[in-house]
Amino acid sequence: MFQNRTEALALALPAALFAAIVFLVPVAILLSEGFRTADGWSIQAYIDFFSMPLNQKVFLRTLRLGLTVTFVAAIIGYAAAYAIVTLPPSSKGKMIGLVVLPLMISPVARTYAWIVILGRTGIVNQALMTVGLTDGPVRFLFTETAVFIGLLQLFLPLMIISLISALENLPRDAVPAARVLGANWFQVFWKVLLPLTREGLVIGGTLVFTGSLTAYITPAILGGSKVLMLETLLYQQVTVANNFVSASIIALILILMSFAANILLRRIASARNSK
Amino acid sequence: MTLKALLGAAAALSMTAGLAQAQEKTLTISVYSFAQDEFNEILYKPFEEKCGCKVVVETGNSVERLAKMEANKTNPVIDMAVMSMADSLSAARQDLIDTIDTSRLTNYDKLYDIAKDPNGDGKSVGYTFYSTSIVYRTDKMEIESWGDLLKDDIAPHVAFPNVTTNQGPPALYMLGKAMGSDSPDLTAPIDAVAEKADDIVTFYVRSSQLVQLMQQEEILAAPIGRFAWAPFAKLDLPLAWATPKEGQTGGMNVMVVTKGSKNRDLALEFMDFWLSTDIQTKLAEAMVDSPANKDVKVSEEVANNITFGEDTAKSLKLLPSEVILDHRDQWLAEWNAKVGQ
Amino acid sequence: MTQKLYTWTILSLVLVFLIGPFLIITAASFSAGDTLAFPPEGFSFKWIVKVFTVESFRESFVTSIILAVGGTLTALILGIPASYAMSRYKLPGAETVRFLVSLPIVVPGIIVGLALLRYFVIPLGISISLALFVAHTALVLPYAVRVVSASLNNLRSDMEEAAVLLGSTRFGAFMRIVLPNIRGGVLAAFILGFVTSFNQVPVSLFLSGPGVRTLPIDMLGYMEIVFDPSIAALSSLLAFFSIGIVFAAERFLGFSRYV
């Protein structure tokens, strides 16, 4: 640990100032619009906002989808990341490339692909009907399920690569050693993997949760106005109703939710670690 | 090495930024994003050659454009824009656009009367109009009235325009007419749609998406604007354009000039060029825009695929701009409260 | 043996989920039909060819590349020193710095775009190009700081401390010891940042002006009215372009050893 404070500040200030000036200031002004009224400051707009059933519903739906996507992404993410780090170096690189690949594809195009896949005549429905699970085509499009699938596919790679970075630093023999000592897979995960990879989980979890909250294209295309989420509601308020107060309120809600998720994940991870 | 690359990037970036300013005569326009290839060939390039200037094009939908114009009010970046009739009235009310000096438009007299000054404030000129009706699968259903859309066996196969789109309020208005209500508050039709909200496949925002949904039989019927018809006609499906007994609705798109624009002369020259018989004919033949110029003559095949002729234009049951503007917030609130549940 | 079975079962399932839609998009771009469909109707190159004939795609592609590369490099130049300060120094107000640089990730893109347009571009008379550049840099900054910080925290600090004790400057120690060791993290941050910026839609939605438009915005606008496989063709071309980058990174830098 170096002690020189001036040097430390000189290194950190450019980034901090940059973020403060081009980011914090304009966004803060916009957020303040939710509290500003003709006669001064008030939280009346917030009370009005939450008294509307549609807004309550959209809020709960966004929270629910964000949490489920993050949870499922973490489970699949650990399984996949662990599988990848145990690969020999040559295939590992290719596998990471393949996992990262979908991130390179425009979310617009990826979301449209799901329309083809999840449609009434799509592959999923054909498979379901061939196996005999349903008689007629199931409606997936413009439901929460479709949005969930789209978001999971969009953000799972972020979870996997965050966890790979973390797992890479795990001592090679930690898991086999725990297994030899008689731990079952659940214990291995809870006692060995989770504490040693908490940084990765916090990064990945925050990326996935925040990403799901603020994704616009996926809920817009796969959910449409039947499955409004906070971000699509916000967009509607800005472009259609020119309602910057609602937009400001939704923005603050989204920001607070992201922070809460980050803090919560940190808590969970460090609580495990301190035991 | 990174620094070098950064400098390179910064230099390249400032070059792109400087490019627009480097040209002496530049006309900046804001238009709908569709068919830009065709517009480029038919309209922009020939105009650039004619005026010896550069046309810079910004694309986006009508509402976004209005929001940006409002934001850039003090220092307008756009010289000329096209938008929906209602949005042009809104722009006029916000004092974002100027009166158009129609004496400078040599083709003005060739326009259909309804296109000449649609809002009656002298601040817009119509350049294209379209009808709105229902596209549907003739082998699966019959559509004789707007009300048919909400029948029990049809509603689960319908994509209805969202109230936020240009097609939403007119479609709701026609639905209201079918139910015997002529009221512009649209309460009756919104209630009726709300009752079937779970059945209706989706409340669409982009009509382009419907071709896909129609092709994979996700939907079998949808109210659309005629400008979106061409790709449906190309599908190998038994599709028809309904002629409901309540009539068809529709809309008009208009040209406006930005208040405080420094290139007013060029903007007017461009508008006149766009309204000329030659350009309007070419745009109609490319099935891009239906003409507002009455001298335009097209083949029967083309006429069938666009909204052609003054009689057609006059027969459309249009919602006046004032009505749309005055009720927009109420419609949205009511829609969100009832249909959005 | 069971380990191998586990590995491959998991990976094939995950890859089908992640890559499947991409394969469908690719297949659809070779369609001879007029709509996005799978299986595609017939085979042709017409949509691939069409992509190259759309002039605005070429222009917005260049804009997006410049933005993504320039923005990400700037974010790294700002972010690496900050990460280093946070992980190796007793930094006064470290939490504030961490908070500030991670802000852009939690603020919804559309609010960022709107806020920058209303309170930065217009009152200060800044050009849209510069605003876009600044916005994209800010967006990438959290990724740069987080990924680089993670690599730094996983790198033992005793070697560089030893080098400093032995008379090397801190900058020298950083360049010779730290940087080579966190190269993978930096590259990962670059790729993550590039992708984030390149695919960004909501921020750029309001920050697009006449003649200045990013590729995704252009695609979205195009798709708003035209729905044909050319968007699929463009997407798969872009994806192959990206695979090329990842392969090159793997080949020349040994990507996988570091990530």
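First chain written, first letter: the chains are A, B and C, and each begins at residue 1.
Here is the rule we use: a contact is a pair of C-beta atoms (placed from the backbone, for glycine too) under 8 Å apart; a residue touches a chain by one contact, two chains touch by 3 or more.
Fair warning: this is a prediction, and the values are worked out from it, not measured in the lab.
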- [ ] Quick one: name the chains whose C-beta contact count is the highest of any pair.
- [x] A-C
Open item on the list: Centre to centre, using CA atoms, which chain is the farthest one from subunit A?
Closed with: B
Open item on the list: Between subunit B and subunit C, what distance separates the C-alpha centroids? Give it in angstrom.
Closed with: 34
- [ ] Return the distance between the CA-based centres of subunit A and subunit C, expressed in whole Å.
- [x] 16
Task: Shared interface positions of subunit C, touching two or more other chains - done: 36-37, 118, 223
- [ ] Among the residues of subunit A, pick out those that touch two or more other chains and give their numbers.
- [x] 112, 115-116, 122, 238
Open item on the list: Give the residues of subunit B touching no fewer than two other chains, as numbers and ranges.
Closed with: 61, 64, 67, 209, 212, 216
Open item on the list: With touch defined as at the start, can you tell me which subunit C residues reach subunit A in the complex?
Closed with: 3, 6-8, 10-11, 14-15, 17-22, 24-25, 28, 36-38, 78-79, 81-82, 84-86, 88-92, 94, 96-97, 100-101, 103-112, 114-116, 118-120, 134-135, 137-138, 141, 145-147, 150-151, 153-154, 157, 161, 164, 170, 185, 188, 191-192, 195, 198-199, 201-202, 215-216, 219-220, 223, 231-232, 234-235, 238-239, 242-243, 246-247, 250, 254-257, 259
Open item on the list: Help me check something: in the complex, which residues belonging to subunit C touch subunit B?
Closed with: 34-37, 53-56, 62-63, 66-67, 69-70, 73-74, 76-77, 117-118, 122, 125, 127, 129-130, 133, 205-206, 208-213, 221-228
Task: subunit B partner contacts - residues on subunit A that touch it in the complex - done: 52-54, 57, 112, 115-116, 119-122, 139, 141-142, 220-221, 224-226, 228, 236, 238-242
TODO: Sort out for me which residues of subunit B touch subunit C in the complex.
DONE: 2-3, 5-6, 9-10, 12-14, 16-17, 19-20, 28-30, 32-37, 40, 56-61, 64, 67-68, 71-72, 74-75, 77-78, 206-209, 211-212, 215-216, 228, 231, 234-235
Task: In the complex, subunit A residues that touch subunit C - done: 1-5, 7-9, 11-12, 14-16, 18-20, 22-27, 29-30, 76, 79-80, 83-84, 86-87, 89-90, 92-110, 112-117, 122-123, 152-153, 156-157, 160-161, 164-166, 168-169, 199-200, 203, 206-207, 210, 213-214, 216-217, 231, 234-235, 238, 247, 250-251, 254-255, 258-259, 262
